[in-house]
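Here come two complexes built around chain A, the first alongside chain B, the second alongside chain C.
Then we have the complex of A and B:
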């Protein structure tokens, strides 16, 4: 084996080792959590920790099923689904306007959209004004309030991502469609958006994960246990079950599943775009 | 089928005048070629017919109806783009029929037309394919098919062949012309390629800097260019242009180097400064005439292009046969008076 080849091999091996380390470092807590949720209660906090549970049990899952977790999960799924649908539809129309039309104040609108993006992740700063606003509209503690707020938080990101994708599409597509007799909305939904699948996937993921993981607004804007989102429910389980980590880990495990599912669904759009998106004339 | 006319049409982007006071009539069933150098405003003019660009002043009429403010879809025209602008996520069939669907045509009529067009263009085997699975030539045909099925009042073509290789270009330009003549649909065809211009149109409009320099049949324009610009733009190899001064007899002119050129029938006054144009194929190498020396020889296989220096000027000479010549060889040039084009030195206009 030549020196160059062995050097190449060594650098590749160290790259693999490094990646494996990062992977374990990241996935370790999640794996520990999942395993923990399946352990018998008395094993969870045992020291020294056992790598594998002595037996698997679903007792913690049974416990959270009785505590209202499933209802909260269903609420959050609905909130997130509404957020994704509305943010994509409204976001793509807004993105089209910002990219393809000329109108007064466009630069200002675009600036506001960009400025709105960081607010989606730092939503705590918005909670007091949001609370006051929603209360004055009589919306707090109603089924509408959380979807509304989540849409507002996530819309700027969706607009920005979709505008970037639309901007990459040739104007001649619009023009060909216009000559073919398609109106603006038809052009957007039938010609342009099908060519933006990766961006749609990305925007949908952002919105879904944003809505699913949101905690602050969910804990402030609704009181009714029937309207409670999943993250708030998990937090309340912490108090409800005291130091009982089993049900908490079970709830956290379940809370990850929809995110994985979202990645499987929307991530497919992302990948599809990466591999076959480039359809140049 | 339609009659399209421009009346004092201008277009500017803020301060930039890209189309200047155009008057133009395109008759029913005619194929007009817009030709000119890159950036002269051909596409802009075409897109104004389509409704993709606004009109700053003047009127565009289709069948005597002013269409300045009409949406593209209400003008009943079809356009073939340079990039083809096919819908990448739609199959060939879907691409071709999209415009018909938008017009809410009945399903069986859509299919009938799609079939007809795909037969005419040899696309029937590809109807289920996506554009990315087609060759450049096939994509070009799909773009044509999308226009054909519409059975519109007019076809607009914006350099539709410029992305094809030379052979395919020759084939397609014949096919397009044959199809246009068979259907008798009014067409406007933009190109910067003068061979396409010469071969495809009933009429040519030569454009320069946003204006039309000359309109006429291809041979008209070739034989009687209205000015220096048209003379140099149309014709390959390029016309020879020589500065000269009209002699006392008013029937010939002399270059600063002393070459005497007959000026034919133009009415010229002695002492006038002119530019004389003579096409390379009109210069004869023969037994008498002005002496010259061969500077370069290009063989195309079909004909021979010779660069001859005579009285201090270099003259392109095209010989319609294979001729073996050498650099430094002495030749005699004869210049038939009937083939001379005389242009004013000041304005460039034909005298």
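Then we have the complex of A and C:
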């Protein structure tokens, strides 16, 4: 075998080994969980575990549907949709001002936005104060409290991503629009934003994922089962189903479906947005 | 910026800027910064009991800091945060270096592969991690047996539980570090490596003299962001280990959560929360500085 061929073979082998490592270490728990959710009940409990299910069953999905999971999923979809819309509208106008206009206090606003990105993931430190704060405002256990909190948590990231995109657009666009008699907001919404669709997609995705995945605030700020978000429902089911893994895996699978779907559509946008570096961990 | 191509448009009516950022600023102040400030204020008063509302100042802080449990929480939090950050950034750097050497299409598939655990929720991630790696019904223990290794229960020892908790955090956040470090690697001009190679620098010397210094920004940002996330994660200790055995994996985040919402000791919880918040502020300050350094 020639030296070039053996080098090629070696690099191919190392690629396969590395891909296997990624698959097992990173995706193993997810794939194993999805497979588990489809196994018949007695097979999940069989020891030692079999790699592939002998037959597929939807019994766990039926069990989880009866636990109130679907209502919680619907709540979270609504919370996430509100978060996306408000964060994108408020965020794009703010991003425009921070990128294009000069005004007093701009540096302070910039600081509030940048510091807000990591601060929003400081859930543990913020949750007890937030709980007392929201209770004193009479907002705890209302339909408004979680959308409001999720908007505040995700708005800084949205502003940052959108500001980055607007900064990449030539200011001649603004001038041309001004000559045509367009005001600032019309310039922003009709000329500039249509040119930053990838950034809008990335910002929307971050907001959606952030709201859909949130647990701590959701578990504390609402008590009414009708307002419960999806992650809290899964956690409570862990107490309810205990070692009966099947329904839990079905709930987990349903909860990651929107994320996986969003990734297949927007994966590249998300990676591009992450590359900006200003994202929660 | 002072005398640009169209100064008139920008110089006049600067109050528009304030108006445009107003909704964002209001939302952030009322909902993100407001609770933090009011939390500190409230921590200075008695929150419950017969003398609720009485000013106690920093008394509770002194009491909480002096409790024997406090040292234990600080120790397990430090072990968890430092271990997870080093593990995530170290492994993330290794993978980023490898992915950087691959062709575009393969690299993109691998990036999406590593980022998926980061994108799913911590609750689901912790549940699936336990199911796959820790349960005796999971595939990992089965594979260990297949290789002739003894299956083990990580929860049977304190060190095992801490290792499992750290690994769950590394697994969950690895993709974030990979993507961030990869973009840092891509930003290093190829000429630098060429020039060093012509000067006779070996692979390790090139890594140490070019890659590491050029990557300081992304390494710092990812470490800080991961540090904040790990310091504040409630879900991972709550679900992966439940804080045990013997509170050995009860980090400060879990401790606050349990004190406030299962033991209803709001006073201690808010005091611990404010102490944690101060640590957060230091990390956020570091973050803001490194992000500003990056974008200039």
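As a working rule, the second predicted complex is superposed on the first by the 247 of 281 C-alpha atoms of A that agree within 3 Å, B and C clash if a C-alpha of one lies under 4 Å from a C-alpha of the other, contacts with A are read in each partner's own complex, and residues count from 1 in each chain.
Here, a contact is a pair of C-beta atoms (placed from the backbone, for glycine too) under 8 Å apart; a residue touches a chain by one contact, two chains touch by 3 or more.
It should be emphasised that the depicted structure is a prediction, and the values quoted were computed from it without experimental measurement.
Residue contacts after overlaying the shared chain place A:195 against chain B, while chain C stays out of touching range. In the superposition on chain A, contact is made by A:175 with both chain B and chain C. Taking chain A as the reference chain, the count of touched residues is higher for C when chain B and chain C are set side by side. Overlap of the chain B and chain C interfaces on chain A: residues 175, 178, 279, 281.
Considering their complex, residues 170, 172-173, 175-183, 186, 191, 194-195, 276, 279, 281 of chain A touch chain B. Taken in their complex, chain C has these residues touching chain A: 1, 4-6, 9-11, 14-18, 20-21, 23-25, 27-36, 38-40, 42, 47, 95, 98, 102, 106, 108, 110-117, 119-125, 127-129, 131-133, 135-140, 142, 145, 171, 173-176, 179-180, 183, 218, 221-222, 224-226, 228-235, 239, 252-254, 256-257, 260-261, 266, 269-270, 273-274, 276-277, 280, 283-285, 287-288, 291-292, 294. By the touch criterion stated above, chain A contacts chain C in their complex at residues 15, 18-19, 22-23, 25-30, 32-33, 36, 44-45, 47-49, 51, 90-91, 93-94, 96-98, 100-106, 109, 111-134, 136, 148-149, 151-153, 155-156, 159, 171, 174-175, 178, 184, 209, 212-216, 219-220, 231, 234-235, 238, 245, 248-249, 252, 255-256, 259-260, 263, 267-268, 270-271, 274-275, 277-281. Contacts from chain B toward chain A in the complex involve residues 47, 50-52, 71-73, 77-79, 81, 83-89, 98-99, 102-103, 130-132, 139, 146, 150, 163.
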